[in-house]
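See below for the structure under consideration.
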Amino acid sequence: MTLRRITLRHCIALCCCLFGLFSLSTHAAEPTSLDPLLAELGEAKIKDMEPILVRIEAVSDETVLPLLRTLLNGNLYYIKAEKKVIGEFETNGETYYKDVFTDEINAGINKRDVEKIRVNNNLRGYLRNAIARIQLTSKSPSVRESAVRSLLSNLDQDTVATLERLYSNETHKKVKEAMALALAMHTASQTQLAPSNRIAAIDTLSTSLESDVRNLLTQLTRDDNAAVVSAANIALEKIAQRVNRFAFVDQLFFGLSLGSVLLLASIGLAITFGVMGVINMAHGEMIMLGAYTTYVVQLIMPNYIDYSIWVAIPAAFLVSGLMGVLIERLVICRLHGRPLETLLATFGISLILQQLVRTIFSPLNRQVSTPSWMSGSWEINPVLSLTWNRLYILAFALLVFIVLVIVLKKTSLGLNVRAVSQNRNMAKAMGVKTHWVDAMTFGLGSGIAGIAGVALSQLTNVGPNLGQSYIIDSFMVVVFGGVGNLLGTLVAAFTLGIATKFLEPTTGAVLAAILVLVFIILFIQKRPKGLFPQKGRAAE
Amino acid sequence: MSTLDSTREFFRRDQVWPFLAPEQAAVNVDNQVILYVEGLNLSFDGFKALNNLNLYVNDGELRCLIGANGAGKTTLMDVITGKTQCDSGTVFFGQNHNLLNKDEAEIAQLGIGRKFQKPTVFEEQTVFDNLELSLKTDKRVLPTLFSRLTPTQIDRIDEVLKTIGLAKHRFMLAGALSHGQKQWLEIGMLLAADPRLLLIDEPVAGMTAQETERTAELLTSLAGERTVIVVEHDMEFVRSIARTVTVLHQGSVLAEGTMDQIQSNKDVIEVYLGEEAASEKAQTRTKAQKGASE
Amino acid sequence: MISINKVDQLYGGTQILWGLDLEIVPGSITCIMGRNGVGKTTLLKAIMGLLPITKGEITMEGDVLNKQSAEKRAYSGIGYVPQGRDIFPMLTVEENLRIGLPVRSKRTKDSPKEIPEKIFELFPVLKDMLHRRGGDLSGGQQQQLAIGRALVLEPKVLILDEPNEGIQPNIVKQIGDVILKLNEEEGLTVILVEQKLGFARRVGKEFRLMEKGRIVAADKMENLNDTLIKQYLAV
Amino acid sequence: ADTIKVGVLHSLSGTMAISETTLKDTVLMMVDEQNKKGGLLGKKIEAVVVDPASNWPLFAEKGRELLTKDKVDVIFGSWTSVSRKSVLPVLEELNGLMFYPVQYEGEESSKNVFYTGAAPNQQAIPAVDYLMNDLGVERFVLAGTDYVYPRTTNKILEAYLKGKGVAEQDIMINYTPFGHSDWQSIVSDIKKFGSEGKKTAVVSTINGDANVPFYKELGNQGVSSEDIPVVAFSVGEEELSGLDTKPLVGHLAAWNYFQSVETPENEAFIKAWHEYTKNPDRVTNDPMEATYIGFKMWANAVTKAGTTDVDAVEQAMIGQTVPNLTGGVAVMNKNHHLSKPVLIGEIQDDGQFEVVWETDGVVAGDAWSDFLPGSKDLISDWTAPIKCGNYNTKTKTCSGQNY
Amino acid sequence: MTRLTAWFSEGRSTGKHTLPFVVILLGVTILASAANLFLPADSAFYVSTYTITLLGKYLCYAMLALAVDIIWGYCGILSLGHGAFFALGGYAMGMYLMRQIGDRGVYGNPLLPDFMVFLDWKELPWFWLGMDQFWFAMLMAVLVPGLLAFVFGWLAFRSRVTGVYLSIMTQALTYALLLAFFRNEMGFGGNNGLTDFKEILGFNLQADSTRVALFLITAILLAVIFVVSQKILSSRLGKVVLAIRDSESRSRFIGYRTDRYKVWLFVYSAVIAGIAGALYVPQVGIINPGEFSPINSIEMVIWVAVGGRGTLIGAVIGALLVNYAKTRFTAIMPDAWLFALGAMFVLVTLYLPKGLMGLYGQLKAKRNTVMNKESQA
């Protein structure tokens, strides 16, 4: 098996060289020459496809790239009748077929005429490497660089030979570095070479964070040559220091991002519970409504998923906010002066809302898609990459927080709501429209919960239980921060997030959660009114 | 604190080692002084509410405490009763009880009773129960569980009810009382507790003239056996009961003396009484004297 | 200005006000007196709309007040200083005062959205304590704040429920002066509940005596004599 | 009675409603179909639905209610093992009959229960075999929700893998609480574990609500199926329907059924399901097939026994065969577990699975795992002469309970 | 007899429901038990064993509600973690019952419960020792919740944690315990908990007579706890407790160490919850970490609120009513019962501010005013 693969690779590499040179001089190869191969591909069973692909790759020209890519993405179809392949594309929710080489749209074809060319994991692996090999000669330096990097784990003789050849002609600094790294890896692993050469190569390697490099170095620590071993150990040590630094940053980011989720989930409660004093057990359901709103928005505009979030945010604010106003007007407003009863009523409301979405949307989770600009991650270096969705949510949480603080500090609503919650009758006597203030404030808190739902829909289940899973954490955060103090909520959310994430690696997720709870319990003994307590005579 | 300091602290002569002190030693008033307040300082976010305050109150005295709004009278009571921690200074009850290291309940059990500026009673219990709770009894958990009202206690409560004029309302919920009635009830709770030292913050606020008079009588009759410290802004009332008056200003003592001395004190007139008030008071006094002579 | 016709009021099962009649003349200072618990505070709260009445009518300049919500009444120009001060404890002094600004700017078109300097002239201590929480103030300071807060509304009628409770003598005097001044210079109508005869006599122009939820005597302040006092105010 | 009563004991509210509601509908659909065919023994079948609300003690109470108040002849119900364990004593006390349709950890065989879901040897072991043999995986992450099914499954797998020569440090085990939603660190750890040179795979026994955030995190951190494939035992079409599967293409699941398998039976079943739910987008899944097989077998057994009497039906059940929806036939064995084929599928971007591997024939469900020290000598056989759920082949006795 | 009556009705105002309550409770219990044991199953008056166990469960919940009410209704401490004490009591009983299985478990291990066998444990963890003794297990059923309540209460009340802070801390407590008991390493059976019990004190748990006996014992204990609690709360201590609820600082200023009162009341309440849990487990047949779930604890508070907090009888009635409603609703309308239950909670809050007992009070007040009016006319 391995033997066969090696020989195959050999062939490819050879062809590669030849065709590479050839294509430089004569330009485009004839795509038509691929037709029989493609027909074969269309007819083949999955397990017979690799040899065919090897032959296709042998064309070794950027012209086959679209084909390989389409196949990798699972969008390549076979028209049985015409013995041709064709790509399926989708724009704005419409599916159409076009030639993968010429981009010519073939309008006459529909789903029934074509048959998907399926791939499996092995083939996908193969395709990725093949694409990388072809892309070594791409015009774009960044494409070349990532091609080199993705080949690091697969450095056979032929690839190395290609790299050596390309290295001398390479002008772009980054690509050259990457190639040097690959070549150094090769050099370092060659036991027949002089130790001094190898050690020099190892030295080059010690600046890299690539995991393949580390794996190679780890292997080298078991080398026969003592000098190589010690060089490898030193290099590993050096790498480990940097890796640890980045790992710390990584962990911090995890903590911040968990904190931002907690912040989003609890910030609405900080208003309805913290400021208004309603023990709002239906807070979680307001989050849930926001998440379902996102789902509905995406249903309405399936072709504009990328923009759907911008519609969903105000929509969720409105939906949850109006629901909040409704609840306030119908129920909460009759419970003034009876804060404990709000617990009972809002618990009832939360049951009703849960069952309502179960009835309308079924008990199953709903699918909310991630806009393309929020998916994937920002790869800073091989050991540190930050996921975009978390980054956006972190920024979003802070933004919502700031806006809220401004609303409460700079508008009369903030002053009025505090006055009303402290002495309703006196506020009335001062001309404060208490009903309006109550409704607006509860609406605001609920609306913000709705916005949190939009963010959470990007991370977790959109289902009837969504609210339940955040309500306890939300109360914990608000109370830990100090009821009625927005800044407290912010600090509490991030403290708990970071604490959890720094505990998790040593204790595991379950124990970390327990320890954080115990920590909160003990902390409250020290500061019975939370992190930022209300002070003074009146607070007693 | 260094070890030396803590050792010194431990061997201080003026205090009994806590583990040797009997739980409830009698208040030692050998020197006739029942309350020592020395060098008391307290500030809230930089604002000095109490500023090196010194005050001594004799056993059995009726002391009036006056002073401008915000002078620190209520705060002083807060410190004495353990509600507020002070920054520095000492407060001793008799010679042997350092009040600063006791909590509210212990201080109350020592026999220091307090009436608040804003009347606070147990709103959801009857007037009778409010008084029963205040009785001087063993207030630990188990004794309370097994205690029954004795006939003497019931008599005592009835007596108090009569004194405070709420006999008719004895089974009314305290929360339903009017403001003035709550004032009375709170005084009644003090009486029922039979304390050694009474701290009374503005007892006649919201009372009619006649009620004020009655209160004055009541407080005068209490003095002697008990020590009473009264805070009040009603000068007529203060005059009618006061023997010694202490004036606080900006957290420290501004003047101390008899009512007449105080009323003619320039500083006091300036910061507290006001020119006219002082003269008005003088007039009413002469009027009252005339009335008496008639 | 304000007239109250046959008003009944109940707390749960117990009736407090019994067919109470009261007429407040514009520009007057009416002093309501009576023993503890006769229903003075209850009456004022009913006027403010903080307690519902079960029967009768309260009108102000012809408008039926008792159909209006409490906050509307503030806009009609009633300022209220409650017994026990009812400061917003966790708001700063400044915020306590600012609460009334919207009503003020609605009532007096011209005035800017600022706390009128007049208030601080009357009660300088409020200026010193501007950023302190209302609840932290001493009792007397709170009382001054409560009066100041009501004055921010620029009211036509000022209702004061024992405004001198816990206030130092020179300020009591000053409050009296303020009331008289506002009454004389701006024609402010004042309803005052007061227990202290001295103050009532000095400030009040009319008196009403209450007993058991009814007005039992009404006259000019000069005519408040010892018999009446004995009969309705003594214990 | 003039009707035959079928009790449905699936949670319609609470945390498990998400999975169990579908099974309630499946039972109702089967009842409907059977009634259209004229019922059973000439009587109509009547379904009695109750809601145990994802509350485990309520399963016992509602089970008792079904058996004594409603006097049902059979119960279809439960999803989690704990709910089954809760109702089990009631079934045994009142001699009821229950069909349990979910893959589970095994280590149980009651006379009153028929287990139509997969035992570990019908899911976990074949999946690991596939990973090692076909994908060349040498390192394993066993990630699960912290409860008995994942714990037991992972114990079995650990023993099995070690038996196959996988070293201790090449197995990483991780447990998370129910509904765990913050997977950042764990996915990042998995990435690290997988980047150390050897081909790595994740064997996931993560259950229920925790899956969606787990897969979303996998997608976002770019854990691709070629690098580190994840094979799951609790993720089916239904779970995927709550997810955007584009970033997850190629990850795996092991089941006895996939909706995508094209057989006439399956097509008919899917069609009936869409008609019954009036929703052409509703997916089908493995526990539904298990319910389907269970119901058919029960109907056949009742017909064969000519009565709904539990003892008679129980004996008639053994040896019953019903065609699988994916081809072949399922057989009810003496140990109350089924023989079924095992399929492994890759997730596709339309939320379906593509079968990439399947067992040659059917695998018989093993009640007592051969890889656990406590149970390797135990077998279950409900036919004479053994008639026991936990017969020790060494000591030739029935240990412990013997109903 | 008259002395007994006198003793029952001695307590003041709050105590006047005691005698009717005890009589009705015990009367119904005895009648139901007799109807189950001595009537033929087809009799119109036969009470099924299902009903008996259900009633038994309700009574356990009533006892639990009583515990919550004592602390919340009378002392103003809103505990959102009483489920923890209930569950701990339940686990103590569960451990005893587990040990009674002996070698009748599926693996036939005489010492280790089944879940330990298949997790490959070699010996019984130390905290399981002694649990095979009934008296010891029962001691633990009250001691463990009591001790936890003492430690928690001592810490919290001494540092003056009050109001929502205390509520959320109790919630954190039960939540932490929930997570902990889910862990299989803890040795309490993880998510599955303890189940498959066989017998108690040698009596077969499956037998009708045992079930009836458990039911009777629950009823009697409920009555005893009710009377004792009534006594305590109508003593002066009860007044102190109410005073603490109204104004804790005022109570301190008249000399009561309120933290001690609160701690002991909290412990008392936790012990009752523990007893309720211990009685609950043999009747429902399972104990698992789900009982620690914060939502459960919130529900308990809601039973009390529905019944009327601050009246012991209200707590009992609330627990019975809500749970009966749940049983009925889940069977009658399995798809919509949450609507009904949710609406019930909302309506009760809006229209019965003092719960069902408040309704009784409202009706009485109405009758009184009507009568007053008439007498005036």
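Here the chain labels run A, B, C, D and E in written order, and each chain numbers its own residues starting at 1.
Quick note on the criterion: a residue touches a chain if its C-beta (ideal position, glycine included) is under 8 Å from a C-beta of that chain, and two chains touch if they have at least 3 such contacts.
For clarity, every value in this text was computed on a predicted model and none was experimentally measured.
**Q** Please report the minimal path length, in steps, between chain B and chain C on the chain touch graph.
**A** 1
**Q** Could you tell me which chains make contact with chain C and chain E both?
**A** A chain counts here if it touches both chain C and chain E, which gives A, B.
**Q** Between A-E and B-E, which chain pair shares more contacting C-beta pairs?
**A** By number of C-beta pairs in contact, A-E is the larger.
**Q** Which chain wins if you rank chains by how close their C-alpha centre is to the centre of all protein C-alpha atoms?
**A** Of the chains present, the most centrally placed is E.
**Q** Using mean C-alpha positions as chain centres, tell me how far chain C is from chain D in Å, no decimals.
**A** Centre separation, chain C to chain D: 75 Å.
**Q** In angstrom, rounded to a whole number, how far apart do the mean CA points of chain A and chain B lie?
**A** Chain centroid spacing, chain A to chain B, equals 66 Å.
**Q** State, to the nearest whole Å, the distance from the C-alpha centre of chain A to the C-alpha centre of chain C.
**A** For chain A versus chain C, the centre distance works out to 63 Å.
**Q** Distance between chain A and chain D based on Cα centroids, please, to the nearest Å.
**A** Here chain A and chain D have centroids separated by 31 Å.
**Q** Return the residues of chain C touching two or more other chains; collapse runs of consecutive numbers into ranges.
**A** Counting only residues that touch two or more other chains, chain C contributes 136.
**Q** Using the touch rule from the top of the page, what residues of chain B touch 2 or more other chains?
**A** 44
**Q** Considering chain D alone, which of its residues make contact with at least two other chains?
**A** In chain D, 12-13, 146, 177 touch at least two other chains.
**Q** Show me the residue ranges of chain A that touch chain E in the complex, using the header's touch definition.
**A** 273, 279, 281, 331, 334-335, 338, 340-345, 347-352, 354-356, 359, 468, 472, 475-476, 479, 483, 510-511, 513-514, 517-518, 520-521, 524-526, 528-530, 540
**Q** Help me check something: in the complex, which residues belonging to chain E touch chain B?
**A** 232, 235-237, 239-240, 242-243, 245-247, 249-258, 260-261, 264
**Q** Within their complex, state which residues of chain C touch chain B.
**A** Per the touch definition, chain C meets chain B at residues 11, 14, 33, 35-37, 41, 83-84, 125, 132, 136-141, 143-144, 162, 165-174, 195-198, 229, 233-235.
**Q** Can you list the residues on chain D that touch chain A in the complex?
**A** Contacts found on chain D: 12-15, 17-18, 21-22, 135, 146, 174-177, 179-182, 184-186, 188-189, 195-197, 209, 212-213, 216-217, 219-222, 224-226, 229, 238-239, 241-244, 247, 249-250, 346, 348-349, 354, 356.
**Q** If we count contacts the way the header does, which residues on chain E are in touch with chain A in the complex?
**A** Where chain E meets chain A, its residues are 78, 152, 155-156, 159-162, 164-165, 168-169, 171-173, 175-176, 179-180, 182-183, 249, 294-295, 298, 301-302, 305-306, 335-336, 338-339, 341-346, 348-350, 353.
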